[in-house]
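In what follows, chain A forms one complex with chain B and a second complex with chain C.
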Partner chain A sequence: MPTALSSVAVPARRRFRLSAETRGIKLMLPVLLLLVLCFLVPVITLLLRSVMEPTPGWQNYAELLGSQTYVRVFFNTFMVAGVVTLITLLVGFPTAWLLAILPQRWSRLMFAVLLLSMWTNLLARTYAWMVLLQQTGLINRVLMALGVIDQPLALVNNLVGVTIGMTYIMLPFLVLPLHATLRAIDPSTLRAAAVCGASRWQSLRLVLLPLALPGIASGALMVFVMSLGYYVTPALLGGTSYMMLAELIAQLVQSLLNWGLAGAAAFVLLVVTLGLYAVQLRYLGAGRSEMGGR
Partner chain B sequence: MNAAKPIRTRLALLAGISLLAAAPAMAESLVFTSWGGTTQQAQQKNWAQPFSAASGIAVAMDGPTDYGKFKAMVESGNVTWDVVDVEGDFAYRAAKDGLLEPLDQSKLKGIDPRFISANAVGSFYYSFVLGYNKQAVKGTAPAAWSDLFDLKRYPGKRTLYKWSAPGVLELALLADGVPASKLYPLDIDRAFKKLDTIKSQIVWWTGGAQSQQLLASGEASIGMFWNGRINALQHSGAPVGMSWKQNLTAADMLVIPKGSKNKAAAMQFLAYATSAEAQAKFATETGYAPVNLQSKTKMTPAAVKTLPDQFSASQINLDMRYWAEHRDEIAKRWYAWQTQ
Partner chain C sequence: MTTPFLQIRGLRKTYDQVVAIDQVSLDIKQGEFMTFLGPSGSGKSTTLYIVAGFQEPTEGQVLLNGKSLLDVAPNKRNIGMVFQRYTLFPHLTVGENVAFPLRVRRRPESEVKAKVAKMLELVHLAEYRDRLPGQLSGGQQQRVAIARALAYDPPLLLMDEPLSALDKKLREEIQFELRRIHQETGVTILYVTHDQEEALRLSDRIAVFSQGRIEQVGTGEELYEHPSSRFVAGFIGNSNFLPVKVEQMGGGRARAIFPNGQAVEGDARAFAAGSEGTLMVRPEKMRIRPHAASARGLAVTVRDMTYLGDSMHFAVQTPWEQELAVRMAVGDGQGLCIGSSAVLEWDAQHGHVFA
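Now for the complex of A and B:
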C-alpha cells in the first residue's frame, strides 16, 4: 500500500511544482522583455561592431590581445578587482558577523550607517576620499602632527588609493548578502561545536565559514564583477600605472570614437565575467542559498 | 474625473500663460549642447537667452558634450542636438567623417580666421597656462614650461591633463628646447623622454574641478591648467599664480550635427553666438577669449586684460588639424607610455 500511495503522490506534487514554475516565468516576462530590449540587443549590437568595424574580421581582437598596453590594462583590471575583493572580504566578514549577532538596536544603527554611505553620491564620496588621502590631506596631517611619520604617505593616485576608495564603496555589496546568510545560520551549531570541544578558531574554520560560504561566494563575486567595470573611482583615485579597462573603453567610445575596439574590449571582459560566474555556479551553487535560505 | 477637469484646464492655462510670458510665440526651437558647469551657464546667459528674446526661437540646454553620443545620433539619424560645443580637433575629425552640416559662411562676420572652417566656427578660445601654488613654490616664480620639469628648483608633484589630447606633448617639447615654429609634426619619442624625467612626480587631472582642487590644496605645487580655472581660483582668493609664457591656445568650436532638424534656427543661433556683442559678454564673464575680432572694442579695459589674447606675443597655437589626423596613433603611444 505505501508504495502505491507514494507512486500516486509524487507525480501530483511534481505537477504542482511545475505549474508554479511556469507561473513564475510568466510573471518574469516584463523584466525579461526589458532586459532583452535594453541590455541584450545593445550588447549584441556592440559585439557586431567589434567584428564589423572598421572592416569585417577579427582585427580588433588581434589588436586588443596583441598590444602590450591593452594586455597590461586587462591584467591591472583583474588584479585591482582581486585585491579589492580580498580586502572587502577581510573587512566585510567581521562587519556582517557583528551585524548578525549585535542586539537589534545596535545592528539597526550600523545598517543605517552602511546604507547611508551607499545612498550618498558616488562622485562626492570619491572626491571626499581624495581630500582625505592626499599628501596635504587630513590623514597625512594628523599622522604627521602625532609624529607617526615625518614624510606624507602616498595614499592616493596609486594602487593604495584605488583600493581604499573601492573597498569602501563595495563594502555594502558584500555585507548585505553575507549578513543574510549569517543570520540564517543556527547559533546552536556554534554552541554544539563548543560543547564538542572545538576552540574558537576551530568553530570559525570548521563550522561558521563552511556554512557562510555561499554568502561569501555570492558577495565576493558581486564585488569582483562590479570592480571589473568600475570607472569613476579608479579614474580619480588611481594613477595611470594602474589604469583599468573601463577607463580605456570610455576613452575609446567617447573621445577616440573607435567603437570596434571598444566593443572587442567590452566583449572580452563580458566573456571572462560570465566564465567566472559559471565557475561559481558549478562549484559553489550561488543563488540557491544566497539570500538566507539553506 | 469631472472634478479634476477644471483644475487641469486651469493648470494648462497657467502653464500656457507662463510659457507665453517667458517666450512670445516660440514657433521654433533648438537644442544647444555644451560642457556644463560655469561655462555653459555663461553661454546660456549671454547667448541663448538674448537670442531667444530677439528671435523668438527657444533654446533648450543639454549636456555634457559626448562624442560617442554625437556619433550615435548622426549614425542613427535621430539627431536631437542642433548646436554642439566641441573641442577643436574633434571638429576637424567629425568634418572629415561626415558628421557635420556645412555652415552658411555669409552669416558669420568678423571671426578670427584661425577659428572658422567650412563646418565649424569658434565658440571661445582658451590657453593652457603654467599654474603654481605660491605657498608651495619658493624663490622666483616659475615662468616657462622648462620650470615644470625642474625638480630641483620646484620640487613637489606636478599636475597634467590625463587624456591623450593636445597640450602635454607640446609643452614637453617646448621645455626640451624645441622652438615653437618646429613643434609639428610632434617628435613623440622626444616628448616622452622628457616626460619620463618627471613621471614619478606627475598627478594627472581628469577635469577642471580636479585640477583646481589639486593646486589650491597644495597637493600639486605646479602644473598645466586651463586659464579660466586659474582665473576662478584667483577670484576665490586661493594663493595661486600663473605664467602666460608659451601659453598654448586652443579653441572650442560650435558645430551643427549632420541631420539636425532645426538647421536654419541653428545657423541663426551660431551667427548670434559668434557676434561681437555676444562674444564680448561671454568673455567678460568667463575670462576665455572671444573668437570675434571686434569683441574687444565692446569690453571694459579691465576685462580685456584678463584674456588669453593679451599674451599673443607669447602664444603658441595647438595644431588641431595635426591632432585630428594623428589622434589615434598618438593615443596608442600615450596609453602605452602612461601604463608602463
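Now for the complex of A and C:
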C-alpha cells in the first residue's frame, strides 16, 4: 500500500518542479549552447578518440593503467598534489587567520600582496622561482654566505622545486575561501572558550579548527584538484624524473601525436576531478546544514 | 574584619591618551549580585573585562579572596562568563557545550555527564541536550550559556549585557530565571547592563558608572531615594530638574531660590552659598492641588493630563515656563483640568539639590 501511495505523490511533485525548471532553461539557452559547443563537444570528442584511436576498444586505458611508466606518472601526480595541498594548508591556515585578526590597515596590505602575486603572470612568477632556486640563485648564495650549507642545495628540477613553486601559486586559492570562513567566526566564541578554561591549543583544536573545517575542506580540495592538472610550474621547476599527468598529456599530443592515449589520460584525470568535486559537494552540503542555525 | 570576597582596587585603564576607567574601587561580598550600570562607554564593560582577564589595567589591582587575579591567564582564572552575543560553540550540541569546560579540565566522564544533566536541569533545558545551538531561540541559547558558565562551579559569574539581544518579554522571563539561579546556586554575580529597570530588578547592589568612574554604589532603593549626583538621579528613574540658586547650607540641607524668587529646601551635600544648582524631585513625590490659595507651593498651570490606569500623569508648567512631570494616584487629581491654575507641592526631604 505505501508504494501505491508514493507513486501517486511523486509525479505530481515532479511535474511542478519541471515546469519551473523549463522556464529557467529557456533563459539559459544561449549560455548552455556556448557551454555545449566549447566544453562538452571537445570533451566528448576526446573521450571518443580515447576509445576509437588507433582502433576501437579499451586498449588506450589498458596501456595507461598497465604500464609501469604511466602508473608512475599517476602516482607522481597524486603525490605532488597531496604534498602541495598539505604544505599549502600548513602555510595557508596561519596566513588566513592572521588576515582575519590583523587590524584592517595591515590585513589590507597583506591582501594586496597576496592578490598582486596572484594577478602577476604565471610564467613570470615561475621563472622568478627558477632564478631564486637555481644552484647559483639567491637562496643558495645567501645560505652559503651565512655558512648554513657548504654545497648549493638542489632546489630546482626536482620535487622540492615543484612543491615550492606550486605552494606559492596555490596559496591564494586556499587563503581566500578560508579567510572568509574564519572571518565569519565570532571572536567572542574564542573568548568564551578561554573563559571556559581552554588553553590556546584546546581552543584551536576544539573550537577554531572544527568551525573552520568547511573552509579548510573547500580550499584544500580546490588546491588538490588544481594541482592534479597543473602544467606550467611542474614542467618548468620539476625534473624529468617527476613527470606529472599534464606534462605526459602534452608530450603525447605534441611529440607523439598519440591523441588516443592523451584522451584516455585526460579522461582519467577528469573522472578523478569530478569524483573529488562530488565528495566536496556532498561533504560541504552536510557541513552547511549542520551549521544551519548560524 | 575579614577580607572581602572580591576587591577591585583603584583600577585605571587608558588607551593611548583616552582614559577608559579611572579610580574604580569596589568591594563585593560572596554571593552578592552586583550590577554595573551605566551608559555605553562609561567603563562598566572595561571593568568587567579586566576582571575576566581580556584586558589589563594600566593601574590598580583585582583580588579574589585576597589573591591577585591579574597575573592569572583568563583560562586559569576559573571564572564563569556569559557574553552579550550568543557565544555557544555552534558545532557542538547543547550538552557538549555545557560539558566543554569540564572536558578541557579533564574531569572523569561520569562526572561530566552528571554535571551536564544537573546544569541543564537548572536552566530548565534538559530535553534540549542533543540539539545544536542554531536550533534554539535566543533566550534558550543564553540559558545554555549560563549553564555552561556555571558547570565548573566558578566562584564568580560575569555577565556582560547578556539580555540585550532579546526582546522585552524574553528579557523579563530570563531576569526571573537569573534571580532563581542566583538564589539556588549562591554564586557571586557581576552583571553589566545599561538598563536601569533590569538593574533594579536583579541586583543586591548597583554601581553606577559614568565617564569611567563609579558615581555611586548602593542598593536600588538607596540610589533611587538618595542619589548622590544629578547623573545618578537622571539615570535611575524619572526625575524633574529645577534650576535653583543656593542661598544657605547647613546640616545636609540647602535653602535655595527658584528663578521666580520663591524659596525652597532640599537635601544637599557640601555646597558653596551663592552657586547655581539643580533641585531634583521625583514625579511621584509631587502633588498638585487646585486653587492657588496656598502660598507654600509653586504656582503652576496644568498643560496635559494622561490617565494611565493605575496612576494619573500630569504635565505642568512653572512660572519660568519649564515643563515638569507629576504622577499621582487617580483619585488625587480631582478638580483639575487642562489649562487650570494649580499649586505644586512636595515634602522637603524629597527635594535633592545637586551642583
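To be clear about the criterion, the second predicted complex is superposed on the first by the 249 of 294 C-alpha atoms of A that agree within 3 Å, B and C clash if a C-alpha of one lies under 4 Å from a C-alpha of the other, contacts with A are read in each partner's own complex, and residues count from 1 in each chain.
Assume a contact is a pair of C-beta atoms (placed from the backbone, for glycine too) under 8 Å apart; a residue touches a chain by one contact, two chains touch by 3 or more.
Quick caveat, the model's predicted, so the values are computed rather than measured.
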Which of chain B and chain C A:254 touches, first, second, both or neither: first
Which of chain B and chain C A:108 touches, first, second, both or neither: neither
Partner chain(s) touched by A:193 [first = chain B, second = chain C, both, neither]: second
Chain B versus chain C as contact partner of A:205, first or second or both or neither: neither
Per-residue contact with chain A, leading partner among chain C and chain B: B
Chain B versus chain C as contact partner of A:243, first or second or both or neither: first
Touching partner for A:136 - first (chain B), second (chain C), both, neither: first
Complex contacts: residues of chain C adjacent to chain A: 52-54, 74-81, 83-85, 87-91, 100-101, 103-105, 132-136, 145, 148-149, 152
Chain B partner contacts - residues on chain A that touch it in the complex: 67-69, 72-73, 76, 127, 130-131, 134-137, 157, 235-236, 239-241, 243, 248, 251, 253-259
List of chain B residues in touch with chain A within their complex: 66-68, 71, 90, 93, 97, 157, 162-165, 203-204, 206, 210, 213-214, 217-219, 327-328, 331-332, 335-336, 338-340
Contact set on chain A toward chain C in their complex: 186, 188-189, 191-199, 202, 206-207, 210-211, 290-294
